[in-house]
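Paired with chain B in one complex and with chain C in the other, chain A is shared by the two complexes that follow.
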Partner chain A sequence: MAFLYPVNFSKRDSLMGIVMAAAVVLTGCGGKITLEREVHPIPEDADRSVSAPGKPGSVFVQSSPGAPNTFNKLVAEDAPSSEAIALLMDGLTRYDPVREEVVPGLARSWEISEDQKTFIFHLRRGVLWSDGHPFTAGDVVFTFQAIYDERYPNRGAYDLSVDGEPFEVEKIDEHTVRITTPEVFAPFLLYMSREILPRHKLIDAFEDGSLLRQWSIGTAQRTPREIIGTGPYRLRSFRVGERAVFEANPHYWRADEAGQRLPYTDFLVMTFVSDQNSAMARFANGETDVEAITPDNIIWVERTAERHDFTIHDRGPSTGTSFIWFNQHPGSDANGKPYVEPHKLAWFTDQRFRQAISHGIDRDGIIEGVLFNRGTPLWGPESPANTRWFNPDVKQYPLDLARSRELLREAGFDWDARGRLHDKEGNRVTFSLITNHENPIRTAMSMVFRENMQELGINVQVQFLDFGTVVTKIQSSFDYEAGMLGFTGGIDPSGGMSIYHSRGRLHQWHPSQEQPATEWEARIDELMLRQLKTLDFEERFAAWAEVQQIMSEQVPFIYLVTPNAYAGLKNRWNNVEIPTMGSVVWNIDEIWAP
Partner chain B sequence: MKENLFIQAARRPLGLAAMITLGVLYLVAIFAPFIAPYQTQTQQLQKTYHPPTGLTWQDGRLQVKVYEQVDPTVYEPIPGGAAPIRFFARGFEYKILGLIPWDRHLFLVEAPERIYLLGSDSTGRDVFSRLLYGAQISLSIGLIGITITMTFGFLIGSLAGYFGGWVDNAAMRLVELLMAIPGLYLLLALRSAFAAHVPSDQMYLLIVIILAFIGWAATARIIRGMSLSLRQRQFVLAAEVLGQSTWKILTRHILPNTFSYLIVAATLSIPAYILGEAALSFLGLGIQEPSASWGLMLSQAQDSKVFMMNLWWLLIPGAAIFVTVIAYNVLGDVLRDIVDPKMKVQSR
Partner chain C sequence: MKTYILKRFIALVPMLLGITFMVFVLMSLTPDDFLTPIRAQPDVDERYIERLEQEFGLDRGPIAQYLLWLGNIFPLHYDGEAERWWQRIGFQVNFGYSWTYRVEVTELLAQRIPATVLLSLSALAFAWCVAIPLGVLAAIYKDSIFDRLTSILAYAALSIPEFFLALIAVFFAAQTGWFPVGGFTSLDHEFMSFPARAADIAYHLILPAFVLGVGGIASLMRIMRSHFLDYLRAEFVTAARAKGVPEGWVMFRHVFRNAINPLISMLGFAFSGLLSGALLVENVMNYPGLGQLVFQAFLRQDQFVVMGAVVMSSVMLIIGNLLADILLAKADPRIRLH
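Moving on, here comes the complex of A and B:
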């Protein structure tokens, strides 16, 4: 599951400027490429960065496995597109992953009403789009209009609504907007970091129905300057399959304390590569400035650290989770054949069986062998990486075959003379596990799991399918017994609604239930709604902590391990603050190199 | 035929070398459980990507060096540390030729030390053992596949040539259709058409069928040509006049005359099966974990760290495929030279 959480937090931030000028020229003095920046006055409401003032210039190079396929926020559903758009555009708020809180973006400040449903945003004055046109409340209203318009189906319409009801967005004056949610909506401010679109540029397309066709890859290739935003960069050139070059936006609304407009970097070059492996190879070769390094590749990447002057930073556990689950869907297909054979369904719905399996998994072995000692065992839905929301008091299942056997015996299972496990009715305990074959770490983990189950006398057949087939099986045809997948983590529990709420589509062990099938699922539903419908952190945390607790107690997902996250970064960059989760260069506008 | 084809081939140095190589490979594959110290799926998570263990002569016997892990995936031999190799020691249980249960192995070391003649893979499994078990799949797939192909190729080709007319026409158009589609794409299409996912124990059979399905066309076409000319020969005409059944004519008169061609064609096309299985498994569509096949093992070696960290032993399955394919091709060439001296490419 590549992409679960609706909001994408990436790099960005910062700027300031002063007078004026026109042409932007690439000059090649002594091989060093610099941008002759247009100089514009810094807006009156410019955001002042608190990081130490730096020196403008320099080029930041990064690889992107997979290229953006659109620059239109309404169309973008994949990570590379969302990341590229985040460089070009801003939302009303921003998320600061180091302080772990929502901070002002295009809105300078906001007020929250008594009933916590109405928000009044005060927009920054004097902010200009990258083509010099002023940014006003009209743009905000237009953005929501476009999102909710039925002619333009997009993910935002789903994310920015409560039970299918959209928010009300009104313009009070040129620099004030009021947004009302139909009910209290916990992640509201976080979701307000969604990029605002320029009305003056897109209104014609909006009127004539062609909005979704705007700002395509074709636009980026032919007329990159047509794609405008308020972000730290603007697009300079885009070449399919090669690279995108971004240059500093001379109208950006952030500046440092010395009055220098951000970003410090002149150019950001995003090179498209085929996969993570080649991205890491490029970094190890000194060709890029930053790269996420997977635990199993650190050893060889590290070898060139001195020659290319970079450091690999240990970011602790990553936010991604991996787990095994059993299909607990009691339904049958069109021919009346049950998705899961009834006697197997009886095992899978037995909490003791699932707990026994969990106790039988050698997580430390997986970490030592597969992740090269660079991982953390996982017991619940939240990775320890998310320090704000992680509940450490969940039930843990260390490798304990004696306990495992005890649980199985309690549940009526028994072993024959050759050590093979049988259930009450004498059925041999055996099941198949599906997983996708694209991920080598997952392949290795499934093999370890298979061996672990052998110890308990359980025979597991692992089936490797391509990712699409796995998704079809778990979301529509339901004809499988067990699966192994992972979720990319998010920063807010509200992103887990579709997973933990029994009506959710990603509630994989038994998706899209009309009524919760079990008491504990009903309790989770209640808690998930409670955390969604309040703005109070304490109350939300209590609810989410209990969900983590129930999930670990009932083990519908048998959590495995999370690899530690490592980031390679060249040492020449200053003002870098690496957060525990999210992008390493989330403050791309503030970093600078001498 | 004056003399057995293979005896003639064995008189030539190249032919002999190829036959010996193949003989050794097949013997090793048949006795894989005896020669392999470990099972294909036995893991050792504390020793992943272990380099091949060195051998040393110590205390008057052959011993393996003992290594310590200095960093994950980095191992260094402990000076003076050694574990004796025990020959014909007891290990995991297996059945010789699938019949006689036994538990002796050619060589083993005392647990917890392990002998990795060709290193270990991502979960600490012994590459040498996997290579031997993989040989069972990779080598047998060619033989079984070619048997099916040649049977079908011969039947369809000879019937088409013998009967001529619309039978010939229909059969040859079908052959052309199959030959017109690029092999690899046909392979992939058939693989997904037959079954999107099959249990891994049936996968082996499925691959053989797919490969045979693609392979019979070329053989059928040539046999058809041969039988077309053979049926005009007097001995066939005589048999017809005497009222022999079609089946008898095919088996008694046509088959013997195409036999040497079939042998040569079979030898030359076995490599295609081995490579076909390797390609499917490499793409994740063939043999699946935890079984071993050379193609599957090779696909696990495409990770960038294999090259970056010089884990060369993971590429050995590639060398095994190379050696087998070369041996078959050389043998095929030699056989062809004998059968058809006009096509000879080199002097003796």
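Moving on, here comes the complex of A and C:
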């Protein structure tokens, strides 16, 4: 009872005082933390940054929802790992998201053969790994050897091959590499931004079969300097479940016009948080320098903008898509029971039915109610965020109940006295919609959709399931009627092969078809292959634009909306160029703070 | 005593088999598996997924997977040579490696153990240091307002779920700024001097240790109080008082020494929760210990990590119980173990 008397309150306060004083001592005594940089000559072939020269020093802090699982590129499957590896290592090429093109990386330049299958890369001379060992063509050859090795299953082996056939990689001399693809492969140069591994460091592990166990988080914790790369940073320390601290790599191969080696920041701290919400809370609290802010969180984050001197930048529509689709799988399960009841399958495979549904959705209502007016309607597979590949000339389906009813009537549907929709055999139109409960925007959108459908006399039962259950249903058991999901958009349409090609795993309305079931799917298959097998942008764009058109005509996916993307960034950073998609600080080596 | 300990360890084997089998079955009943997130990505080749399924054994049934795992962890290995075979049996526990991290499960667990042990021990020390004096005082001043108040607080502490208290603590830290909002160390930890680092860790430890300890305080205090009361009424206490022993001497020499005995065996039970007791607190307060690792492994269905953690905490539980028995036997000569 002692601590309930006011007398003792003061005691507690003084205790707090001591704790707080300790906190001040802890955080305040060190002053500004700076890095004693090692000085090494800048390589002869160094890349000169065109942005205005800045001042070295300062610490960049960012949070990462989830921690890297590994620092080994062959193992990395998750975004945090890839993000961390990208800070440490480079590929032959780099992608510039502002100019939306592939620019030279570790390769100073390249030549493309007549038949568009052979590429000769000229590597930068004088580039050193972060341990001072020279970077040569041997490293490039080794990287591909590791990727294609049977003992080390990894994604790269499948990404960097055409129909299961790997690229041929040969060393011409110490600074020249020739890579030949079995067929013309459109995203080749983009994929060449994949990180190169140091041969001298990993060859022993490669030989003895333990390559995938190298550069784990154990290595990072015990001997962070052992993880070497050519990137702007090297790993200084790694604390499991807490943070990774990176420091400027004194051997980095980029410099500014004044001859100052990049990066400008001394340290980059990546703190691991449990989810996006806590990442945003940290940013709003002034603890981190950059954060992606979702539309529903802008209002409260913005409140501290002045105190912590940051700005929330509007990046326009995001690359993510969201859509509803109907299960058009005509097959049956092991007991002979059709996945979809035949009369429902007849509705779902009717283009007019799907178009009518699309016309019945109030996308503006979703944007207003779910995204607080911070969203953009979608009509096709490419979000307007991808300005390079977006085709604005697709069929649009604004809310139009009259048109919707007209289409349904044409397709033989009719309403009874109580306004309920029936098909020509008299079946009441009703279906269930599955979506994953982990995504609050999707669950909210599905409720709006349900209400919209009531206007048309259609009864929708919404089911929220675990993401894993949804994936199992749409990829192997097929026992559902309609679904709602989304994809995060990619840079290049070649990433969509498994979605749009009828043989694809994620061709969700009817996946893994032996032969395209419809003519328009056959046409999409043809166009997808065409865009994959040429390097000519005009030709690729024409093909992909037509796919977007067909998708919007046929509406196998009824596209909904995309939330707008917002990026919070502290105002002290200079040389920042925020692209419409991808990382806000993609040019992390060029940004600086006074 | 030795045979008793041996018996308990032999009983461990069927128990572990049962527990691990149950966990395996439960995990295989969920509709998704480790590869589900990869399957949902558009730019992953189908052949790669098949390759991984084979590698992880996910293309086999749950029983086959379990037997494979069991074969791997079996601690005795024999290389097949006939000559001097008794020297060729190696003893090594192999929990396999994590699919997510490609790191040995034992190493992964070892990385996290120090933080969790530190947290559990601090919580334990905090709980004991507060509960014992409070329990004694509550017994001495039985039915006073102090006694009533502490029992109300004890019931309150027992009925607040740990995760909820952790949430309140995080909210409190965020609102007042007096404590860090979670984590184990500060951002600039590695740039500090050694004493500052120690202080930094201690400062981060206060709230989680408090949250984890509060539940323990309540029950310990009530037990201490009732034992103390029992001995307060004992005849030898009356005898001591009657022969004129000073009251303080009676309380601490005679009553306290006897009343604390049963509590010592509770230390054994505390041992069993040393590694697994902080799961909720660690996850809510973003404390980088074992609980966080295991929880994430569960969500991702990283099978071998989950199994490794389950085996470890079961063994800890059983050893803890054994320890409690032994301590009790040591403290109380009337108890014999068979």
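FYI, the second predicted complex is superposed on the first by the 564 of 594 C-alpha atoms of A that agree within 3 Å, B and C clash if a C-alpha of one lies under 4 Å from a C-alpha of the other, contacts with A are read in each partner's own complex, and residues count from 1 in each chain.
Keep in mind that, in the parts below, contacts are C-beta pairs under 8 Å (C-beta built on N, C-alpha and C of every residue); 3 or more make two chains touch, one makes a residue touch a chain.
Since the model is a prediction, treat every value here as computed from it, not as a measurement.
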item	value
Which of chain B and chain C A:469 touches, first, second, both or neither	both
First, second, both or neither for A:531, with chain B first and chain C second	neither
Touching partner for A:365 - first (chain B), second (chain C), both, neither	first
Contacts of A:93 with chain B and chain C, given as first, second, both or neither	neither
Partner chain in contact with A:552 - chain B first, chain C second, else both or neither	neither
First (chain B), second (chain C), both or neither touched by A:296	first
Touched partner set for A:373, first chain B, second chain C, both or neither	first
Superposed model, chain A: greater residue contact from chain B or chain C	C
Shared chain A contacts, counted only where both chain B and chain C touch the same residue	278, 281, 466, 469
Residues of chain A touching chain C in the complex	1, 4, 16, 19-20, 22-23, 25-27, 29-30, 33, 61, 69-70, 72, 75, 77, 153-155, 157-159, 164, 212-213, 216-218, 221, 236-237, 239-243, 245, 269, 271, 273-274, 278, 281, 285, 287, 466-469, 471-472, 475, 487, 490, 495-499, 505-506
In the complex with chain A, residue positions of chain B that touch it	41, 43-46, 48, 71-74, 122-124, 196-197, 199-200, 284, 288-290, 300, 303-305, 308-309
For the chain A and chain B complex, residues of the former touching the latter	277-278, 280-281, 284, 296-297, 299-301, 362, 365-366, 368-370, 372-374, 432, 434, 437, 440, 443-444, 446-448, 450-451, 461-466, 469
In the complex with chain A, residue positions of chain C that touch it	30-33, 36-40, 42-48, 51-52, 55, 97, 100-103, 107-108, 111-112, 115, 145-146, 149-150, 174, 178-179, 183-192, 196, 199-200, 203, 206, 283, 286-289, 292-293
